[in-house]
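Look for subunit A in each of the two complexes below; its partner is subunit B in the first and subunit C in the second.
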Partner chain A sequence: MKKHANGSGRLPDRQLKSVSYAKWGYFFIIPFFVVYICFTLVPQFLTIYNSFFENYRDGLNEIGPNYVGLDNYETLFTADSSGTIRILKYTSNTMVMWFIGALPQFVIAMLLAIFFTSARLNIKGQGFFKTVIYMPNLIMAAAFSMLFFTLFSRVGPIQALLVEKGWIDASFDFFSHRITVRGMIAMMNFLMWFGNTTIVLMAGIMGIDQSLFESATLDGANAWQVFFRVTLPLLMPIFVYCLITAMIGGIQMFDVPQVLTKGNGAPNETTRTLVMYLNGYLANKNYGMAGAISVIIFIVTGALGGVVYRMLSAQYKDSSRQRRQRKGDVI
Partner chain B sequence: MAEVVLKNIKKVYPYVSGEHKKSKKKTKEEPDKKKVNLQITDEGVVAVQEFNLDIADKEFIVLVGPSGCGKSTTLRMIAGLEEITSGELLIDGKIVNSVAPKDRDIAMVFQNYALYPHMTVYNNMAFSLKLKHLPKEEIDKKVREAAEILDITQYLDRKPKALSGGQRQRVAIGRAIVRAPKVMLMDEPLSNLDAKLRNEMRAEIIKLRERIDTTFIYVTHDQTEAMTLGDRIVIMRDGYIQQIGTPQDVFNHPANLFVAGFIGMPVMNFFDAKLEREGSKYFVLLGGQKIELSQEKEARLLANDVQSQEITLGVRPEHTDLSDSGIKATVDVSEMMGSSVHLHVTAEGKDVIMIVPTVDMNSIPAMGDKIYFNFVGKVAHIFSKETEKNLEF
Partner chain C sequence: MKKVFAILLAALMLLSVVGCAEKTPSTPAATKAPDKPAEQGKVFNIYAWNEEFKGFFEKYYTIPEGVTVNWIINPSDNGVYQQKLDEALRNQDKASADEKIDLFLAEADYIGKYVNSNYTMDVTSFGFQNAPTQYEYTIKAASDDNGVCKGVSFQCCPAAVIYRKSIAMDILGTDDPVEVQAAMDNWEKFDALAAKAKEKGYYMTASFAETFRAFSNNCTKPWVDADNNLQFDPQITAWMDQTENYIKNGYTLTAGIWDTEKTNEMFKAGKTFCFFGPAWYYNFCMNNAMDPENGCVGDWRIVKGPQAYFWGGTWLLAATGSDNTDMLKEIFETFTVNEDVCSKLVSEQNQFPNNTKVVEKFAQDSSYGNTAILDGQNDIAIFAELAKDIKWENHTNYDQLLNEGLQNKLQEFYNGSVDKETAMKNFYNYVKETYANINVPEA
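What follows is the complex of A and B.
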């Protein structure tokens, strides 16, 4: 070994300190930050900035940008001639359609996740089933909407089948009833996302130590008690993650209702979502109002993110407090 | 408190579809190739077979063996966590093969503790009692009593994450004892602890056994744990029981070469030797020495009508003595262990370990020294070269 000045064969302390690999870490994350700043952070600030301006196109005339303060927000929360505050109506539409799709999505996903991860059942051909249930998530939402539009149209096979069975009248139109259109949108969202949720929940369940289930069984717990007292509490962080991301996705619901209702939120704007509302302003190049809607969506999304952060930080505080307690009294 | 009887228990893990096809294809391509591993059969991988054991009420039985010998599988079958392929399992005289784990009235301590991370120590211990819908006061009394026994009262409000390994293991034991089960199963409960803590916890388990007075079935791969804890030891290998006996029994009279090598630390020395029969007298020829066997051993060999033959001779390191004449050896390594020195020597082409007391340090040979050692016939273990069985059995 080559000896150094101190004769020990080790590098001098000064040289040891100068060796640092941290800079390479920073170097490798630069591309992400560049892309993030250019395409996310700056547009976010510009969106907030635009929301305080009157800035739209009227025919061939470009109006603004003129600073109007909170006028755009005020407009959003002002009732129209029919007495409806549109943003609340569209928020309600969005959340209702999300909820009726998300409820079966989570129930079915949880059941499938438990079914596939059960050591006792030891389901064969898991890889095949996982691929099949994930497939709908790979289909483009617009294509999926077109498929449903075709299936449920007045001349589509579903209509024909149901009329033939005598269950509906030939004059029935799926697209002229609030309940059926909302149902179709919820169904599409459910079909597209339950596979994804199943895979994530399965990963969560598989991350739980199998011996905990065995221990609970030996402790006298039946299947329900094992699920509610062991599986669900331990799966909660993953479950909350799925729930929050699904809610964020739900708030941003756009392509499915847009394509299915050709952008008009039929019938009677009962399926128009927040982002469809936003899109309407963007089509008129009304960046002020579009910005204000975006900011509201951002606040709602941020609030949900805050819930997750608080839950996680509460867990961290709990464990760090216990670690502090543990000092000095280890057996 | 219960008697546990295992009658001809067998456990086979069937092949999953892919494995079976592969093995079938391979058989077609290589029809002459014999299956070397006896545990792999056409029906699947055999984990445990021909397992017969009667465990008395309040007995502490230890299943010991190397990894993959089937000891944990056996324990899990008793717990009901694994199905029994064939055979009968009786607890308190009742066949429980198809009884659900929760209805067998057994508790189990897992190697990795298996504490519910989202519950406090108190709730972990109270979990099974709550499921039984016992009154709150009774649950509280039982949990606090168990915590007192295990000295974990001060940790009842904590979650398992905030405990050390030793504390977690105590909680796991506490969770099992609050139920006052008929049978207490322990699956390598000390394996995750460091050596010092393991020794302490071993002593704790011995004390605990005196206090809770139930039937214990304990699995370990550590022969020291097996020897110190068990009333009887079951030594397993490749799914078969090799020997059942008290610690003293298996140490003094190992049934075969495997048991002889597995039990005892340092391991038994083995030599290629010859057994000579002269009428009713038996001698062992080794390294030009003619070693006379004890009358007891001779009687057993005679009873089995053992003839002169090539044998594997086993002698424990603690039964070898340095001498002026005897079997010649060269010292390779000398390890000072405090009260004794472990000499690693080469004799008769084999690596041999001798334990030499450190009463007179000047008499301890150094590395490279030529020495002679001896042993008396009554400590010699005689194994068949062919069957590896102890010829005295």
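What follows is the complex of A and C.
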């Protein structure tokens, strides 16, 4: 191994040169690409293709496919009688619900990750805590949603408890107020995902060289300074990864609101997400419209992912450049 | 050594991929259906949306030896059952004999979609003859536009008002069905009674949609006209007006028709006077009333109510391509012409069977009474009168999702989260989304 690392320039070793493990690497990843192309890439292109056709079922009969150009997209962006462009409404619903769930998710996950990895706190029984906070993620989202529905329903225990305490009126309905329904959905997403984020962020923090923290402390940095000047910049790649995957998951939010509101997105469709909209069209196999929505979701996801990535990784690059510059100054 | 290992691993992986690929083409070989028509299949597949018929089937039908019956059950909500069924039917040709659907269940709201397709077959093709004892409308519903019958129903579904005896006593000073009926034999009287109930601290009904079927199954025009325009029958608008009034005055609850909040009202502690339903309602919806601890068995009576109507009904349809036609014939006969089974459906299950002869027998029998819930009142006699008037007309294939959608969207208006205009706009959007071919007034 050491010989190898020293460079083959000095020792012309024919045998070593001929063994290239790289090609085996390619060989091993073939199955993934085959599966990916068959089950993801091809359907993706088919979806785009389908979005240009009128194709749905009337009863058991298939209507179409008839080529209609961009008609499906035009329908999507046409305002209804009250002047609402529904896809925009659902996009903003999705984003709002994701954001109010993701904000506490990242704040708390970051806090926990720091606590758990802190050498100074040295928390005991980490395995237990990590398991517990990850637990909600093991429950099926639909089942979790059903649980919340039962808990907060008009005849559920929460309602009964709050009425008894006199905090809410007996006629109060958690499911007829935008803020409570959205709150429940965000709460569930938060509960399900903060454990996962904590564990990923912890792994990220543990990958940072401990001596950096030590030297920062020795130099007199306080906890805030250590966090903002050492932990965060070095954690940025993992953080960006977490944020982008969470966001993609957020845009595809479906099962929690679907089950909680029985597919209605009540009240007044303010909790209806993009994928619920898509699902509405699939009731009658309307592949044209569903395809068009999918394409929009794809574009939105790509655009947002790109923006977040650029914004945060630019910052990360900036800070590492600054560090390098500072180092240069010292030298 | 490493190289050998690497090659081995790579070969293994490749093999697994090839292995998967090889497996796929081998399946169609098994799909060759036996061509001999006389030979009967060994697997009988039934599609259903709940366990109701399964219970009767397992109890009253003897499965021929060597045949396995598979139940494929998907919930009806949001059209899931229809979606799954449609997919399976469209693949019926390609499915192997043992995977083909033999029998599937369909509800009044969408039966037309299936009987008017080639996915169901003429019952006479396997020797079943509709008997004169079957209710006319059940045959009409299961027949296509040319009158070819594709299946049967094991029940007839005239519906009535099921009320709480003790509450009637409190409001009207009597619990006698004749007098209670006299107090609610039209909608004006029913509304007036609702006000009285409210004064005494009761709800007239427990769901905003409780009376929906009483109106909607008396429509004089279908949901869509010949040009596929959505239209509102005066009966539907009458229901909307009544409900708006009931909600405003607190005569009913904002719960949906299947919600726990509504069914909880059937407990003894419930404050609701009337429930609307046919005979299947007892077993299917009134479990809380029959609860040994908190229920109130025997505190119920049945009357015709303000308007005769029917609600639902489950039809058994023969799927084209079934290789178990003998069994289909037997099942159809068991649940329609077999008087013994039809009698047991009444005496053991409190159902209202699709056999006029059996119905008459129970209706005339002064010793018969429904003891499960009505404390011995002869409900068959009341249902038998109502069943005579049931007509099958003005139905469309879209009824289930339109009825469901209208109720769901209006519920938000009734519980105060949106105004009526917004609720209707949401309904129109929903229709447009669900059925691209229906023209809605303004979306």
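Basically, the second predicted complex is superposed on the first by the 273 of 331 C-alpha atoms of A that agree within 3 Å, B and C clash if a C-alpha of one lies under 4 Å from a C-alpha of the other, contacts with A are read in each partner's own complex, and residues count from 1 in each chain.
Criterion: a contact is a pair of C-beta atoms (placed from the backbone, for glycine too) under 8 Å apart; a residue touches a chain by one contact, two chains touch by 3 or more.
Bear in mind the structure is a predicted one, so any value in this text is a computation, not a measurement.
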{"item": "Which superposed partner A:300 touches (first subunit B, second subunit C, both, neither)", "value": "neither"}
{"item": "Which superposed partner A:268 touches (first subunit B, second subunit C, both, neither)", "value": "second"}
{"item": "First, second, both or neither for A:230, with subunit B first and subunit C second", "value": "first"}
{"item": "Contacts of A:248 with subunit B and subunit C, given as first, second, both or neither", "value": "neither"}
{"item": "Of subunit B and subunit C, the chain that contacts the larger number of subunit A residues", "value": "C"}
{"item": "Subunit B versus subunit C as contact partner of A:217, first or second or both or neither", "value": "first"}
{"item": "Partner chain in contact with A:82 - subunit B first, subunit C second, else both or neither", "value": "second"}
{"item": "First, second, both or neither for A:96, with subunit B first and subunit C second", "value": "neither"}
{"item": "Of all residues in subunit B, those that touch subunit A in their complex", "value": "16-17, 79-81, 100-102, 106-108, 110, 112, 114, 116-118, 127-128, 131-132, 154, 158-159, 161-164, 166-167, 170, 175, 179, 197"}
{"item": "Contact set on subunit C toward subunit A in their complex", "value": "3, 6, 9-10, 13-14, 16-17, 77-79, 83, 86, 89-90, 113-114, 116-117, 119, 254-255, 259-261, 264, 397, 401, 408-409, 411-412, 415-418, 421-422, 425-426, 428-430, 433-437, 442-443"}
{"item": "Footprint of subunit C on subunit A - complex, ascending", "value": "19, 21, 24, 27-28, 30-31, 34, 54, 56-60, 63, 80-82, 86, 153-155, 173, 176-178, 262-264, 266-269, 277, 280-281, 283-286, 289"}
{"item": "Of subunit A, residues touching subunit B in the complex", "value": "124, 209, 211-212, 214-222, 225, 229-230, 233-234, 318-319, 322-323, 325-326, 329-331"}
